[in-house]
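Next come two complexes, and both contain chain A; in the first it sits with chain B, in the second with chain C.
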Partner chain A sequence: MATTDNIHTLSVDASTEHLSEVRDFVATHARTVGLSDKDISEIRLAVDEAYTNIIKHAYKNTPSRPVRIELGFTNSQLWISIMDEGEGFKPEDYKAPNISKRIKNKQRGGMGVFLIQKLMDQVQYNQKGPYNEIRMVKNL
Partner chain B sequence: MSYKISEKYNCVVIEFKGKIMGGPLAESFRDDLHKLIEAGKKEVIVDLGKVTFMNSSGLGLIIGGLTTMKNAGGDLKICQADKRIESLLMVTQLISVFDHYRTLDEAIKAYEE
Partner chain C sequence: MKNFSIAKRQIEDISVLDISGELDAHTASQLENSLKNLIDEQSYRIIVNCSRLEYIASAGLGVFMAYIEDVRSLGGDIKLTNMTDRVYNVFDLLGFPTLYDILDDEKEAVNGF
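Let's look at the complex of A and B:
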């Protein structure tokens, strides 16, 4: 069975001011397991999108609300869990965007979830008591 | 994020720098495109050579720019996207939507043809 050696944690307020800090936190730890630059860049972007969605949608841009980011490794995977206490995301209500239609109709938004799904190997949305969790996995 | 606008031959070159993530400069970018259209300058090249990061809001900004220019009878081509951004365009299937050129000169040449 795969084991988790270390779990790294970062707690920040939900604010775009912390975007760089959050991206750098995951990139720094992802680098230690020898992921390629491409993988690290994809993880940075997926985490940026997930954290931005929490700021915008879970907390509706209300500052000073907590977000906890956990990151760990198993023998074969890097996982990242981002938790908030805001309004939960309902994956069953989500429809993948039709890119050409969006361009034609000048529709905005909705691309973040699509990107996360494309960039990571597994994405799960969980409810843990009062917390919403998005758990993202990249295979090593 | 910042950008500067210049003209080269008959094209308008918009050179982005840093992180493209939407925000207040997205408004300013849209305004600038409309000013260019009013001035009859509709052949735009977005140079991504100095872009270090782009998220979905940044993609939205460039997509919005393309739509604005196309609706005005113009075009928006992109150039010098690095491997990370190119991979992002592939993942989002936007690679087939944008005319992407390796260099600025190639993008300019494409408008001359």
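Let's look at the complex of A and C:
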């Protein structure tokens, strides 16, 4: 993989108040590499879902906990890494939601991980010391 | 500032919610409150017009998931109309079009009740 020469970083507290700021941050940088509007809207949604999951699940809605978002490019890919220090996500325990069953049971949620997988070309969950990382890639 | 708003109007016994802006985990509670209020008022025929909805995340879809069963069991429905392609795509990815009445035009929804 070619090295990335430009990495953009945004550090925010884990709060839904920052959702639009986080979406706009990734969209602004994604636009500079000439991604299509469709790709950019998919990246915005994937990042929204990942950040929302950190707020709700990793930090269980505890405010003022740190989230760091990094974004960079290679010749062929845009990558986004989102890091938190909360409870890690175990992808092996995740099951795709049965939406019809959830509606019957008046449940919601569980859709973010599924959407991220659909929207991005690669998704990895890593543990780096105290940090959980979700790393998402969109091919250019 | 919240970049989401809801306006309510009435077409005979049908309540129409015009939703505008970005519906995410931050703004979903506004839609939730509006739907709860309608159910409390025993307004079970509901149209959500999405013509000015620019963005939706799964937290927004979750609101519809939470209330559709209640509304249908009371003889009503929540019909969704006038979505942009981008918003429809999110519903489609999650398989909502087979579970919800999603219509191109509000008039079709009115006639569908």
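Methods note: the second predicted complex is superposed on the first by the 137 of 140 C-alpha atoms of A that agree within 3 Å, B and C clash if a C-alpha of one lies under 4 Å from a C-alpha of the other, contacts with A are read in each partner's own complex, and residues count from 1 in each chain.
Everything below uses one rule, namely that a contact is a pair of C-beta atoms (placed from the backbone, for glycine too) under 8 Å apart; a residue touches a chain by one contact, two chains touch by 3 or more.
Here the structure is a predicted model, which is why all the values come from computation and not from measurement.
Peer 1: After the alignment on chain A, I want to confirm one thing: do chain B and chain C clash, or do they fit together?
Peer 2: Chain B/chain C on chain A - steric clash.
Peer 1: With both complexes overlaid on chain A, does A:69 touch chain B (first), chain C (second), both or neither?
Peer 2: Neither chain B nor chain C is touched by A:69.
Peer 1: Of the partners chain B and chain C, which touch A:55 in the superposed model: first, second, both, neither?
Peer 2: The second partner, chain C, only.
Peer 1: Check the residue A:17 against both partner chains and state whether it touches chain B (first), chain C (second), both, or neither.
Peer 2: second
Peer 1: Where does A:114 make contact in the superposed view: on chain B (first), on chain C (second), on both, or on neither?
Peer 2: Both partners, chain B and chain C.
Peer 1: For A:136, is the partner it touches chain B (first), chain C (second), both, or none of the two (neither)?
Peer 2: Once the two structures are laid over each other on A, A:136 reaches no partner at all.
Peer 1: If I apply the document's touch criterion, which positions on chain A are contacted by chain B in one structure and by chain C in the other?
Peer 2: In chain A, positions 19, 23, 38, 41, 44-45, 48-49, 52, 99-100, 102-104, 106, 108-109, 111-112, 114-115, 118-119 sit in both the chain B and chain C interfaces.
Peer 1: Name, in rising order, each residue of chain C that touches chain A in their complex.
Peer 2: Residue list for chain C touching chain A: 3, 22, 24-26, 55, 57-59, 61-63, 65-70, 86, 90, 93-96, 99.
Peer 1: Residues of chain B touching chain A in their complex?
Peer 2: Listed in rising order, the residues of chain B that touch chain A are 21, 53, 55-57, 59-60, 63-64, 66-67, 83-84, 87-88, 91-94, 97.
Peer 1: For chain A, which residues count as touching chain C in their complex?
Peer 2: 16-17, 19-20, 23, 38, 41, 44-45, 48-49, 52, 55-56, 99-100, 102-104, 106-109, 111-112, 114-115, 118-119
Peer 1: Okay, in this complex, where on chain A does chain B touch?
Peer 2: Listed in rising order, the residues are 19, 23, 37-38, 41-42, 44-45, 48-49, 52, 99-100, 102-104, 106, 108-109, 111-112, 114-115, 118-119.
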